[in-house]
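Some structures are shown below for you to check.
Two complexes come next, and they have one chain in common, subunit A, joined by subunit B in the first and subunit C in the second.
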Partner chain A sequence: MEKILTQFANSGASEKAGLFDSLGIDWALLAFQTVAFLILLFVLRKFVYPPMMEMLVKREKDLKAADAAAKSAKENADKAEEMTAEIMRKARAQASDIVASAREEATEVVEEAAKKATAKSEALIKEAHNTIAQEIENAKKDLHNSTLELVAEATGKVLGEKIDAKKDTKLISEALEEAE
Partner chain B sequence: MFRTRAAVLGKKKHNFITRLIQWTFDGLYNTVCQVIPDQKWARKVAPLCITLFFFIVAQYWLGLLPIVGPITIGEHHTPLFRGGVADLNMTFGLAIVTIVAAQIYAFKYLGFKGNLGRYFVNPLRDPIMSFVGILELVAEFSRMLGLSFRLFGNVLAGEILLAIIAYMTKFLSPVALQPFYFFELFIGGIQAYIFFMLSTVFISLGLAHHDSHEPIDEVHSSVETNKLATSDSD
Partner chain C sequence: MRLVSRKKLAKYAAEQILAGNDAVLEEIAGLLIYEKHEREVDLLVRDIEAELAERGEIVASVESARALDDSTRRKIEQFLASAASDKNSKPKVSLRESIDPTLIGGFKLQTPTATLDATVSKKLNDLRAKKI
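Right, the complex of A and B next:
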């Protein structure tokens, strides 16, 4: 420390000393230290730096490869997304078609069922009308027969004579003839 | 450095120091590649510049050890150990190596006539550039002096600072010196990086085409680089 602090003062005191001597430059020491540095540079350059530089170059290559792979993966993902969107769009179109056709079919089925129901109900009503008409006819016949029987019975009671079927028929026929 | 090499080659496991050296190497190498766009030449130049950084930072930090400096021998109290960069011979030698290397790279890149054309231009043909060329030649020597004296001055100032603080604080110096030691560690890294950066820029100046038909952007960037190079004397 003392030498460092005093080297300029000491060298400055010497009027004969040159510029470099004044600054404390010792050419032999300078050459020795420069050579020492160059040896260090040679050793590091020969043995230490090449693998480290190779590692950096390799890492840069790996990074570029990874970057390219990432870009490729992104492109593939974009393509897959587009394909998915296309498939979804087609599926939605198909689904809407299916729904529309199902609705049409359902409407047709409902309409057909309604027609069948209407036809069946009309047939039932017709059958009911026929049945009712038949029953009315039967009832009329029954009423007519009952009336005839009652008339015959009443007539028998009035005449005092039991009218049987033959007589009844005869009387009726006569009555009818008279009426004509 | 050799331990880092072994770790890089996979022969030994990484530790904190090897990772730190590798990280620093990575950063410095990328800086060289940014300053020198030609990757082929950047690979050639990088070992010198990176070695300068590691050498200077190691010498600077070793100079902070308590055994370096105070232990003296002989009648003239010659220090037994001395921080390498605390000696002007060392810093001057490093500056000479840098400037000579810059010239060698420039001769290889531009050719003999091309490199001399940076300094010597026919005054009848282009008087202004002729004068600029002479200034460039002078600048080469001033860069050499600037490199060596900046580093030496900072190391010397750091040692003087530590000596003054130790003298002023007496018995409290073991505690009082701690922040200054950290400061010096920081300054050591900064100074090594400055030397590395300036060396890279000086070498890159010889690896650029000085063509009058170069695009405006290149002219602008070379002017910026020259500004950086000329501001090194700060």
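Right, the complex of A and C next:
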């Protein structure tokens, strides 16, 4: 660098031709390289860039199509998700209605069953009371009748043993007096 | 079909008995057998006794648990006589006595027209009849 700066400082304006030499530029080589570059550029533009551009364009189109498809798929997915959510919401609402209705019906059934059971139990209790009352009444009658029968039988036996001729005569006399 | 009614036959028999013709009973018995009305003998006897009672001759059945003594018998006869007597005549009473120990005590008196049951067994049966 120091050498270059030194050479540049030491050279004058008169030495323009030597400037390129001092810079190390070879005109022939430069021309040759320029031609080679242009040829390379021509070849690239002629044979490399078009298919590459075509490929890039196609790639871009594919990417755009894929992007559009992705967007469409995403939209469809979103729609599907919304539909699913709507269906689920409706299904939940319907299920909730069904459950509420079922609970209501179950409550009604339970209440109806409870009413029937209560009525039946009350009828059974009433019938049992009637039966018990009837049985008590029958038992009282049986007791009354049995008592009468026992009293009559016992009285007959006792009187049969106790009544002698004298008492019998007195009985007859009293009966006659009563009949008169 | 019988030729003479039971009522007329009883009336005839009663008149004959009161007239002292006891043979009429055999004739009536023969008639009942002849007419095959033996089953009516009890009814006929009752009718005859009723006819006799109307004519002042009371025949009564007395059932008792023990044999009646004379005093009791007289009381029963007096009772019957006072029950059937009117101002003009005093009926004659005949007792047909029977003993039934199942009566326990008291007596049962039956005339052709009335019955007086004053037995202990009757009272006991009345008590039994009060069954519900």
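Heads up, the rule we're going with is that the second predicted complex is superposed on the first by the 124 of 180 C-alpha atoms of A that agree within 3 Å, B and C clash if a C-alpha of one lies under 4 Å from a C-alpha of the other, contacts with A are read in each partner's own complex, and residues count from 1 in each chain.
Following the convention adopted for this analysis, a residue touches a chain if its C-beta (ideal position, glycine included) is under 8 Å from a C-beta of that chain, and two chains touch if they have at least 3 such contacts.
This structure is a prediction, so every number in the text was calculated from the model and none was measured.
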| item | value |
| --- | --- |
| Partner chain(s) touched by A:G24 [first = subunit B, second = subunit C, both, neither] | first |
| First, second, both or neither for A:V151, with subunit B first and subunit C second | second |
| Subunit B versus subunit C as contact partner of A:M55, first or second or both or neither | first |
| Subunit A-touching residues of subunit C, taken from the complex the two chains share | 64-66, 68-69, 71-72, 75-76, 79, 82, 101, 104-107, 116, 118, 120-121, 124-125, 127-128, 130-132 |
| Residues on subunit A engaged by subunit C in the complex (per definition of touch) | 141, 144-145, 148-149, 151-152, 155-156, 159-160, 163, 165, 167-169, 171-173, 175-176, 178-180 |
| In the complex, subunit A residues that touch subunit B | 1-5, 23-26, 29-31, 33-34, 37-38, 40-41, 44-45, 47-49, 51-53, 55-56 |
| Residues of subunit B that touch subunit A when the two form their complex | 1-2, 4-5, 8-9, 22, 25-26, 29, 43, 46-48, 50-51, 54-55, 69-70, 72, 76-79, 84, 86-90, 92-94, 96-97, 156, 159-160, 163 |
